[in-house]
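Alright, structures below, take your time with them.
There are two complexes below, and they share chain A, which is joined by chain B in the first and by chain C in the second.
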Partner chain A sequence: MKIFKIEDGIIKFFLLALILAFIVLPISDSIPLLFTPSTPYLDVLVEKGILWEYLLNTLELVFKVGLFSILLGFTSSYIVTMYDFKFKSIFKVLLTLPLAFPVYVGAYTYSSIFYTNKWLGNIFTGKLFMEGSVFIYGIFLYPYVYLACRSYLKDNLVEYIEASKTLGKSSLETFIKVIFPLSWPAVLGSTLFVIFETLSDFAVVEYYGVGTISKVITDSWMGLGQKDTAAKASMILLFVLTVIIFSEKILRRKKRYEGISDRKIKPEKPSGLATIMIYLFLSIVVSLSFILPTYEMLVFTIAKSSYIASIDLLGIASNTLITLFIAIFIIIVISSIFASIVNQLKRGKKFFSTIAVMGYSIPSLILALAVYIFTLSLDNFIYDLFHIEWLVLMNTRTALVIALVIKFISVAFSNYSNSLAKISPNVFHASTMLRHNFLGTFFKVNLPLLKKPTKFVFIILFIDLIKELTLTYTLRPFNFKTLSTEIYRYAGNEMIEVAAIPSLVIVGICSLMIIYLELGGKNVKNRKDKL
Partner chain B sequence: MLKIEKINFKYGDKKVLNDFSMEVREGERVALKGSSGCGKSTLLKVIAGLEKPYSGKLFFDGKDVTTLSPHKREFGYVFQDFALFPHLSVKNNILFGISGYKSSERKVLLKKYTEMLHIDSLLDHYPNELSGGQKQRVAIARTLITSPKIILMDEVFSALDEGLKEKVRLEILEVLKELKITTILVTHDSRDAEVLCDKIIEMYPI
Partner chain C sequence: MKKLLLGLILLSSMVVNAAGVVNVYTTRHYDADDALYKEFTRETGIKVNVVSDKSAVSISKLKEQGRAPLADIFMTSDAGNLAKAKEAGILQSVESETLETNIPSKYQDDENKWFGLTKRARVFIYSNDRVSEEDLEGLTYESLVTDSRWNDEVLVRSSSNMYNQSLVASFVALNGEEKTSEWVEGLVGQMARNPKGNDRVQAVAVKDGEGDIAIANSYYYGKLVNETDKTSKYYGVAEKTSLYFPNQNEGESGVHMNISGAGVVKNARNKEEAVKLIEFLSMKKQQEAFSATNYEFPVNPEAKMSDLLASWLEEQGLETVKEQDINLNLLGEYNEKALNIMIGSNWDTPKK
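Up next, the complex of A and B:
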């Protein structure tokens, strides 16, 4: 039976091509720069071995951040899944709240904490923690691992644990031989997210003085205005990323172990000593990752409350919110259409899905550079055509919105795809059989079905976008201020106490949203589906 | 050999087992038969130690094992869904419970049980490469190789298609008879109970 009419194919092809062009074109426009001759700045970096040193630093950073996140994230998820103890539900929420902290806010706040608590600084700012940057990324990004592993452990392992126990294995043996090997793919997958976020940030390493490839890109692009040097350095960062992605695939061996039934793990009461260890571990983690930095920011905000009027918080917040809402609206529209088309494809589903989520894995600096080059060439084209004296796209946040859409479309796309995949294909076939074409089906069937996930997509996008700094800082119109850029500016001018005011606004709003997601039964684990 | 005395079990407020008692003698093959929700699988889990009753006692060879953890009971359990470890090959799944044995001993046991259950050609395969019947044999071999004092089987034939069921039943019966192993089988299928067991206990929902 022929399910779709001919015009359906045309509509779908046109929409697919349009969306793909929107995602791929801006990225591909920077490719010619890679083939320009080497620059003097790059030559110096190579000759003096600085580039090599920065490359090794980048690898060391991601390796250590990954390990630290696994230590914090997997251990916490194991504890809250396997054991039953007092105040567990509070700990469960508190463990997710570091996601409310933009990593750069964490870095600025901790610089003051390390200064006043020298012993803490001595532990976490040494070579092992690469001057503090490993600690900052790990302590604020581990919730990615925690959320993914918590969900995996709870839903997938009960039968295997029971089987291991009936085969005579103790709890420790079961952990070593069954729980950890089975959780390994989930651990690796979520750690990859931590690494993406680490590579996407430039502010933390810059603040703690760690030379990485990001520094070469920012210095050459924003400091020297050398786009071609930045593009070449981007290639090195992309190479690092490719190595990491392939390593993850090799280590994971493309496996993911699903549970056999929908039974969930029944937590056990820990013994006396184990209870003490659990409280100690969790208290240290939530104190360092949320309570201590929040307290520090509150103290700063109260101490510098007189600055609140001079900051123009309202203007900055409205700039932030307007940009954010425009980007979220476009992301939701594009991803709902794209997911609906891809859901109906019989072939090429994986390819198109990969394209849609590609933006998230590209480090933000590289994406920013690519979009910058793309919009600049479009602006030049507009100038040639209409002789408009100013850069239309660069000065109207268009470049920024394009970059935000490319970066974060994966969040919405993955959620929508998962929601649509759960619905029987016959539902859509029925609509077609009732004489609705693709657009009719989209408006009458898909959109109503996507209403529920949209609420969660909106919240997750809001949290991601309000925290975003790299794209906003590099692609904002001249003198355009948002909460994140103001935090960066104040912190860069050694006014960390003042930076705490807009920081607290971001952390406060994001915390409330994360608590809502946690208590609302749908946790942020869906972020992992971005891939 | 196994004595269950007035076992009570609840899921939340829902009572599943009410003062349940029974006895199983050495070498006996007992079927617990009943419709779904009557508590037969729960009873099997209580015997295995995977669930704890809120009252009642469980004795094995005269010893109270009610609070003993599952790995110390030395009972074998074949799960309805087989619960084969997906990250381990068939060989390593079967050897999982005897990893502490000497290598030569493990080899002998592996050969014995895989030949007995006709799965010796599958040793390097992974669970996702096996059919339902093959998975079942691997799960049974994995349990038998540990020389359990009792083997507990939870609806182990339910995943098989009708054509295969009768053949597998007879094969398993042969193995159980050969090993003279005490067996408790949970099933909702009368035919499973009739073919495999010499005692049938009917259970009803409370």
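Up next, the complex of A and C:
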């Protein structure tokens, strides 16, 4: 099949195959596990309808988290885009900062807040919010929706809104009939990312005692050592995910509504009542999503400051950073090559893009299991070949780095793809005419072009990786501690105050980076471009 | 110059390790342990590397590491876990006179593959204000689930916790599957709320009035007694609650006494050092330290339990603690069965 228009087919083919294998192989290694005989544990789950109940809980969780995030995220983006009011710029930044909180840190911090402020707990930890898990996922992940909608509203809806106003529709009618429906694609796309993150987490639902499919995976794998049961439960989760992604594509079958002109919306001054509502809403959101939890963490850290030395904060932090930088480096290298190749394909662009995104959408537990099995068999293979006693791969960061790369490669890939796509293909043609082959073009043209996006990509990856828990916890080697694993460990031992110390490190660094990006004028997470 | 420096560093690191090293995979997560390891290093010069993880994960990893395990010792806080480790084939037999002397046969594996180092009872913690002397009369594991006094009053943590699984497994060993299913279903009917939090959190809930009685491990009560941090939610809980050893009377089965312990990993690189460490932990002095600083019962008959623990016995009028008479390996054998019974009875969601 001739899908390559440009020469150097062999190099590109080789590189492409390598990258694909890298992403796809680990996952395929788990497939034999699906066909093992059932265990008594799995039988009980099925017979007593518990598996089904957990499945329903998972769907309920996804649905409610989605709704809650849209409520928070879309409303705030609407307010911030359409209206002008004092302190707006401060609010704009504060609304993105919840992303600095890993969801599990949010869960632990809030369990303490709910305990001392029972009234708050009563509102947010009932059946409606599924013991509090919906609240946690929603309040710390809504910025995805907020950011996506914010940029979308600003850039694309001017004409429609003006048309609506000209036709005499009130603000409310405009909102209901024009703005919200037209924003639907952006809303859906970003909510999908909220769902991905929700399904990738196992700690929050574990902590709040909600039975989801994640519980089955962790219980069977980490509780009973039954990898095959975990793999089978993973299939259910993957199926749910596929249905969700599929529904989203169907719901979004209308194309995205691109604005025609370059004009941005002019924010207007709100009426007296509207001003009060705006401040009320934004203050509540911002307090709950950032100010309150940060304050609580500061209080804990100060109270337990004696622990800072004994938990070896410096050692943990440096180990975290080393792993981080290795993974980021590999991701950037691979995705720049990958994006460059895909950019020049005549056909099949969408296929490769989907493969790249696959890693991100697979719930982390499943990916961890797959990579674990894969690395193990690779180690055994190496032993059979070379008879090295030491388990070369399992004892090092290798398995973890592989999983991190697979999971987050799409972040870099989509950014690079978008950047390269904006460039006229003539530039690459010119390079070929100057007798550079693919590699030459890559080094002389692509790399310099990608310098700017790389800075952005680096920060995004940094924030994502430093928060990451699931992959790190399950795939780490002997005696390997990172900020996230230590937070999980201390919280698991009901030492939440001590867990606040490494938590504060993560939230602090991520907040600074997010503020840097926000003030630098870029959209922090333009994840909508990935789909 | 650089080469010289590098060489010196390498040499010094070798010298430091000359005395040896022992690598421990442990599920125990108590500060008290770290103090004992430091003491061990001081006495013997052997360095102790510790990795903490969930039991099934450690067992699974060690099994897969097979011929080149990274740990020399597997230490865990439940006989069920030790039995599972033995079943997974990751432990090796150890011949040690010291261990045979220090640890009674009930608390070690009959094939010498694991050795108990501390004992902990799964007891009741009840409210001082709301539970009367009469309520305590004849209070047993069995009456807890059949007596209407305790309807909607029982607090216990989730089914995913090993301590509960072993408790249920012990009943399977003593009374059989059917009777145990009845017991579990009865308990679920008595629960005050959906299980959440750990053992100490159940005691906090007793203090807060969410239930009158909780099931928890004895050493956690010791931790509550010694909670000095006024800002902690555990502060003041011990004043409002008391500990009760069930099933101590004539004809009753005895309290569920579980152990934490260790075994030497098969193909361990530092077997000698590993045996030395386990022997060290079984000595009278260290046994009494476990009791004093982590509120556990010593397995070494020469070691005296701490004053705090003795006071618990005294308060209930007990000379000694009557324990269930079962082979602790059965806690591992019946573990999956126990978990299935618990899950099948909706242990985690009694209140939908």
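The rule is simple: the second predicted complex is superposed on the first by the 520 of 531 C-alpha atoms of A that agree within 3 Å, B and C clash if a C-alpha of one lies under 4 Å from a C-alpha of the other, contacts with A are read in each partner's own complex, and residues count from 1 in each chain.
Please note the rule applied: a contact is a pair of C-beta atoms (placed from the backbone, for glycine too) under 8 Å apart; a residue touches a chain by one contact, two chains touch by 3 or more.
Every value quoted in this text rests on a predicted model; they were computed, and no experiment measured them.
Of the two partner chains placed around the shared chain by superposition, chain C is the only one that A:224 touches, whereas chain B remains out of contact.
Once the two structures are overlaid, the count of chain A residues touched is higher for C than for its counterpart among chain B and chain C. Residue contacts after overlaying the shared chain place A:163 against chain B, while chain C stays out of touching range.
Of the two partner chains placed by superposition, A:117 touches none, neither chain B nor chain C.
Of the two partner chains placed by the overlay, neither chain B nor chain C lies in contact with A:89. Once chain A of one complex is fitted onto chain A of the other, the partner contacts of A:41 are limited to chain C, with no touch recorded for chain B. In the superposition on chain A, A:182 makes contact with chain B only, not with chain C.
Contacts of A:305 after superposition on the shared chain: neither chain B nor chain C is touched.
Interface residues of chain A facing chain B in the complex, by the touch rule stated above, are 159-160, 162-170, 177-178, 181-182, 184, 255, 257, 260-261. In the complex of the two chains, the chain B residues touching chain A come out as 48-50, 69-72, 74-77, 79, 81-87, 96-97, 99, 142-143, 146, 152. Those residues of chain C that touch chain A in the shared complex are 23, 29, 49-52, 54, 56-57, 59-61, 64-65, 67-68, 70-71, 84, 88, 158, 160, 194-198, 200-201, 229, 231-233, 336-337, 339-340, 343-344, 346, 348-349. Chain A contributes residues 39-41, 43-45, 47-48, 50, 112, 115, 131, 208-209, 211, 215, 219, 221-225, 227, 303, 376, 383, 389-391, 394-395, 474, 477-479, 489, 493-494, 497 to its touches with chain C in the complex.
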